[in-house]
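Following this line, the structures themselves.
Each of the next two complexes has chain A plus one more chain, namely chain B in the first and chain C in the second.
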Partner chain A sequence: MLDEYATTLTFIALGAIFAYSFYAVLIAGQLSLGQAGFAALSAFAGAYLAPSPTDVGDVPALLIAVAIGMSVGALAAVVLGLPTMHLRGVFLAIATLGFAEAVRVVLTNQEWTGGAQGLGVPRVLTVGMAWLALGLVAYWFWRMGRSRYGRALEAIREDELAARAMGIDVGRHRLAAFVTAGAVAGLYGVLYAYYVRLIAPDDFDFVAAVEGLVTAVVGGSTMFLGPILGSGFQTIVPEIQRAVGVEAGWIRPFLASLLLLVVILFLPGGLASLIRRRTRLPAGAADDARADAGEGPGRGLAGRHHPAAGEPVVSLSGLGKEYGGVHAVRGVDLEIRAGEVVGLIGPNGAGKTTLVNMISGLVPPSSGTATVLGSTIGRTPVHRIAAAGVSRTFQHSKLFNRLSALENVLVGAHLVSRPTFLRRLLWLPSARRDERAALRQAVRCLDRVGLADRAAARAEALSYGDQRRLEIARALASDPSLLILDEPAAGMNHVEAARLSELITSLARDGLTILFIEHNVGMVLQTCTRVVVLNFGEVIASGAPGEIAADPAVIEAYLGSDEDDAGSAGSGATAAGRDAAPPDAVTNLTPGAAGTLDTPDTTPRNPT
Partner chain B sequence: MRTKLSTVAAAGAAALLLASCGSGEGGEDTSASGGLTGEGSGESCTIEGEVPIGAVLSLTGAAASYGESQQRGLELAAAELAENDGVTYDLTIEDDQTDPRQAITLFDEFVNDGASLIIGPTLSNAAIQADPIAQDAGVPVLGISNTAAGVTEIGDYIFRDSLTEQAVIPQTIAAATEQFGLEDVVVMYSNDDAFTESGYEAFSAALEEEGVEVSETITFSKSDTDFRALLTQAQESDPDAIVVSALIEAAVPLVTQARELGIDVPIIGGNGFNNPRLMADAGEAAEGVVVGAAWNSSSDNPENQAFLEAYEAEYDAAPDQFAAQAYTGLKLVDQAVRANCSAERDSIQQALGEIEDVPTVLGEFSIDENRDAEHPAVVQVVENGSFAVLE
Partner chain C sequence: MQQLLNGIFIGSIYALFAIGFTLVFGILDRLNLAHPAVFAASAFVGIELVERGGLSLWAALPIVFVFGAVLGLAIERLAFRPLKGRADAHFAGLISSIALAGMFIALLQWRYGPDTRRFPTGSFPDTRFEIAGAQVTLVQVVILAVSLALMVGLTYMVTRTRLGRGMRAVAENPTAARVLGVNVDRVTAITFAISSALGAVAGVLFAINVNTAQLGMGAAIELKGLAVIIVGGMGSLPGALIGGLLLGLAEVFAVQYIGSSWIDVIAFGLLFVILLLRPQGLLGARKVREV
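For the complex of A and B:
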């Protein structure tokens, strides 16, 4: 029974392995077509260099060829990846396609490859070996899925900038994904060679690359079973057509393409989206988390060293940022000490976001110097600043939209959790312990912002206010020393803003240093220990909330335009009046309009 | 929508399973019933069961233009054979999409379904990949267009009726050298195609054999269409002739552009040039092009005349060499089946090996001891818009 389908089954396995080499990078949001080139190099190198099966036996010969092929594939990926890893989207696709074409042309013109007529290879691969190899590859990606490494790749796919801010070294992760793709493509190349008996450079041309990509996408590039489903689909469609008796000729590829179109239209997530994906929340994790609450970093997490209260966290001196002659920020001197809650206010366009972008390492300053938690700003990459203990939210939510709320926060815990992927491959209990610890941390953070019951929801499905709170939970998960919040209350209603205010106060009580931008001046005055006012890129006032509210320069620059606003701010100057004023009394946002807010402007304000 | 789709998918999978099981059982039936051996011999041979013949052709993909010609040739031959009494053929033509994976799968299926013989595949690369499956299973294969070296070396079940480039090209070069007194030539070939590359190797060996000097060798890609720069380069060495190994897609623009540039030395082409499209598309420019071929389209032997007439009547177009070889292929299979009056695999294999001096479209045809074709090749020259024998 199985014998009759051996060929078809073998090709399903081979196609799936090749599709996995695309899946390996698609999962990190990279579009590469270079896998055909890796496969070609590996197939020829493996077949040419490995000893003949008649000398050493079938399986040893195949294993040696596989080892050679995977090494060649991985090596080629490193060589190609180093100069191209900064390319994105279609640019990476074109660059890698160029590589694949170059490989094909070079192999065609080499003597040892047999040129266009190809290189003969003994058939060694059996259907069992092919599926064993496929099983190992699938196992690799299955175990990767819920590991720290796998989540980091998904985070990069969803939002690269946010991933950087969570402390993920995007360059290294992308290269790692690319090298994995190279090794898997190499495996495919060698197995293919040892099955079809003759390999020619044309077997790894543009069409082959596109076919691999299509297989991965049709199967689904966000779920580890996707490539197998995609390859099954692609391989079985011609079989069905033959079985049903569709006449050979153009009509078959036409029908196959039509079917492909239908699948892509109705299942944009690929065939794998037919499989329900569940977000597991191990029983008891939430209870564990509550029991741990307030004890600082949980068991099994890398502890962090926080600066003692009063130690400098941020020191800026003469910091400036210029965009083509426009001074967004000018000569800012500022020192933030551990334990402070600093509010940064100022009219729109005052340079607040530019300033925090510089502090969190996203934007290099044009002048001046800055030290944040011991790291010099300007030369230090974002993920290092994050590793030093800076965590932030964004003015416009930058969540990992297709991940669940819990997974978002788990990515936030990247810096305090340990790498688990390799240990997960071996099912080591310590990996499970570490994953549970990260999970507890995530649940605790979700609980703290009041989102514990929404843990399984996709981030994009959350309400606007919940999204903002989720971003805070994600930022908290890294157990930061300095938390930067960029307009956290924007779009929140009274009640939500009040709750946020409480949250910030309670975080400050735990000793966390907080810097936050907010237009809701009432909330700032209520929550902060110190307020810094920016206007036209310069600090115009800095001091205790009471002083600021009474500062005529501030009222002039920031509030003076509107008499009502000025009146409210004035009332905030007296201790009694501060409580009386509603938290959103002075704001340039109408709280009642929170529900009808325009979707946030997603165009980045600063080139980063 | 989701449930609907998954239902459709499940139904499709079930249908596939049923259909595959069905065909599998069918295959066993034919081989078990033993209805493939009949009584009588030659024309009087009568076989009860239908003789299953599989054909693997490249009907879509890069080699589709050859596959389509072959399909026409086979179908024409099948229609003619159906009019004869005694033996009925069940010819199944399948498309390998110019994809080695499909060719391998199809060979596997034909072997499992009990085919008496497999015709094809279109390309030599696919033959080297797929023929071993039939060889291992003891199913005879008749290649109808494989010209690469080593195809019939796969085993004693692999035959072909297509002359190799190594058989045709030396005759072409010898005739052209004699005719034009060649002393030095420029060789041009597309080096990213298995067929044209092996053609180049044959040309190169034949030129050396004849003592003709190759002043320059120029390579291009099979997808190229602009040869002006290369032709100018060729012109500089002032050759006596330009020898080209290319597929018809490159041959037409190359010949046209050469004449445009004022190159009026003879152009000598390989098997790829042996296509009516050369005259149809290049027109005037094709005049004087010398083409070595396995099939003499202007031959006046009765089989060829009948073939030309029947083909024109059926398809309203002139056949090319691929159609002629395919047509001959199926006729040879009939010959072999009737010789022992048996369509058992081993019997066909034995009879194919003994084919000798059979009059065919290709001329007097024999299978040699290496299971390769043996028949007169022809050196043609384009004259007044059609191929004429170079004399």
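For the complex of A and C:
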């Protein structure tokens, strides 16, 4: 029974292993076609260098060849990966394809490979061994899925920039994924060689690479069972056609291609999307989190050292950024001390976001110096700044859209959670403990912004206001010393904005230093201990909210110099919660007056 | 001199093929891997038009152009439009176009069988010229002329006409283009049609040049097309032209001086170096990432 299908089953296993080598990088959003080259190098190196099965026995010979092949594949991936990891999308695909083609031609022109005739290899692999190997590979990716490392890769796929801002070293993770792909492709190459009896460089050509990619994508590149399903599909469809008597010739490839088209068009996420993905929220995690609330970082999380109140967190001196002659930010001197809540306001185009991008390390300054939590801005990569304790949200939400709300926040906890992948492979209980600790932290953060009941929803399915709050939860999860919010209330209705204001106040009470950009001036004046006003890239005022609201330069920047206009625009909003505000203070400034299209301030105010 | 001319002739076909490839990529940011299948299909159709329809070689070209355009519309409708708005549209588009290419090739096999086909004897005029001691056939001159004319026409269309302006607007920002009244779906469909029409003509010219058409001819040129558009700069039309000519010349000279088995290593070695030093290609513009 099994013998009858042994060949088919073996090819399903081999195809699936090759597809896993594509899956390994697709999960991190990388498109590579170099796996054919890795497989070719490994197949020939393994078959050529390993001792003959007649000398050492079948299994030892195969194992030695596998070890050689996987090392060769991984090594080739490092060599190819180091210079190409900065390439994205199609560019990476074509560069790696170029590598694979070059490997194929070089191998064809070598004596020891037998050239185009190929190299004879004894058949050692049995269907059982093939499936055992497949099982191990699948196990690897299964355990990777819910580890910190696996989540980081998914985060990179969804939004690389946001992943960096969460403290993920994107370069290292991408290279690690690529090397995994190299090793798995190497495994495939060797197993293939020890099954088909004769290998030729043309077995690993462009068509083979595309076949591997197609298998991985058809199966589903976001779920670990995908490659197996894909390989089963790709191998069985022709077999079934043969079994039911479809003639050879054009009909079989036509139907196979048609089915492929149907799957890709109607099953986004591949065949694996037919399997319901379970969004895990172990019973008790939420309760644990509530019990923990207020205790600071929970057990199993890396402790963070926060600066004591009053210590400098951010010091900028003469900081400037120029874009082709346009000074977006010019000569900004600013010091933020621990425990402060600083509001950054100014008309659109004043350079607020640029300033914040420099502070969080996303944009290098073109002049001046800046130190943030002990890191020098400009030379320090974004993830290091994040590791120093800076966490941020973005003006336009940059969530990991296809991940659940909970997973988004778990990625946010990257810096405070411990790596769990290798321990998960061995089922160590400590890995489970650490995962639960991270989970508790995530649930706590979700709870804090009021999203606990939406934990299982995909980020892209949330309402706009919920997405903004999810971003804040994600930023909080890293237990930051400095939290930067870029227009958190934009697009929120007045109820949501009021709740946000309360949240910020309560975070500040916990000792968090907060820097936030907001157009809702009423909200800024209510929540901040200090307000910094930026106009045309320069700081025009800085001080307590009361002083700022009365500052003529600020009023002029927002409304122009006509005093009468300023008075009428500001009337009715004079008593914005701060008793200290002078009678003629402008506390709610019509944003439209500065030539912007921002939503008007609708925060409820309580006249006192 | 002979080698130089041969390189230019074959290079102009590569360029024509690559321009179709890069047009879709530059404007729509999609890699259409069914393009090589169009290339192969049109070669077979061209041969049939001459063989059974009794048309002259040159009368067949406009018909093939239209045939290619129709295939392009089909590709857009079947493989790309259904993916609109999907997060994985990039990967899915690659795969769906591969699937459609597989269907095209299967249909070709159904109609023409698996064997190599040639133009009937006597379809080519015998006229030859001598330029600086090198032999040139009329056919080769026409290949070059047709390629250049199509490329000039395309450049004119993209830079000067209303349609071309729509294309550039879509390339810049599809949403903004739609808001400003550009019919994005129509521009997309037309882009695919033009791209495939150029690929189709390239296919016939290639078949004329070597007097064979094979089912696998598309796969063979696919890699070269990818190399050309990378070297020239993704989405850059003049870049694809220069890249195509460079590749044609490099191949011809490599065969003569290094040996035919190493051609691909040179092509891809060059490709690799360019990707590392200038990822945006020779004439491509670097896209700035926004925060």
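Please note the rule applied: the second predicted complex is superposed on the first by the 558 of 608 C-alpha atoms of A that agree within 3 Å, B and C clash if a C-alpha of one lies under 4 Å from a C-alpha of the other, contacts with A are read in each partner's own complex, and residues count from 1 in each chain.
What we mean here is this: a residue touches a chain if its C-beta (ideal position, glycine included) is under 8 Å from a C-beta of that chain, and two chains touch if they have at least 3 such contacts.
On a predicted model such as this, the values are computed, not experimentally measured, just so you know.
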Larger contact residue set on chain A - chain B or chain C: C
Which superposed partner A:Thr353 touches (first chain B, second chain C, both, neither): second
Chain B versus chain C as contact partner of A:Asp333, first or second or both or neither: neither
Partner chain in contact with A:Asp453 - chain B first, chain C second, else both or neither: neither
Chain B versus chain C as contact partner of A:Gly249, first or second or both or neither: both
Touching partner for A:Glu4 - first (chain B), second (chain C), both, neither: first
Which of chain B and chain C A:Leu265 touches, first, second, both or neither: second
Chain B versus chain C as contact partner of A:Val217, first or second or both or neither: second
Partner chain in contact with A:Glu556 - chain B first, chain C second, else both or neither: neither
Partner chain(s) touched by A:Ala200 [first = chain B, second = chain C, both, neither]: first
Chain A residues contacted in one complex by chain B, in the other by chain C: 105, 108-109, 249-250, 252-253
Residues on chain A engaged by chain C in the complex (per definition of touch): 26, 31, 83-84, 86-87, 89-91, 94-95, 97-99, 101-102, 104-106, 108-109, 161, 206-207, 210, 213-214, 217-218, 221, 249-254, 256-258, 260-261, 264-265, 268-269, 353, 357, 362-363, 394, 401-402, 460
Residues on chain A engaged by chain B in the complex (per definition of touch): 4-8, 11, 14, 105, 108-109, 115-118, 120, 123, 196-198, 200-203, 236, 238-240, 242-244, 248-250, 252-253, 266-267, 274
Footprint of chain A on chain C - complex, ascending: 25, 31, 33, 78-79, 82-83, 86-88, 90-92, 94-96, 98-103, 105-107, 109-110, 219, 222-223, 226-227, 230, 234, 261-262, 264-265, 268-269, 271-272, 275-276, 279, 289, 291
Complex contact set, residues of chain B against chain A: 1-2, 5-6, 9, 12-13, 15-16, 19-20, 23-24, 57, 59-60, 93-95, 97, 100-102, 104-105, 108-109, 112, 124-125, 128-129, 132, 148, 191-194, 196-198
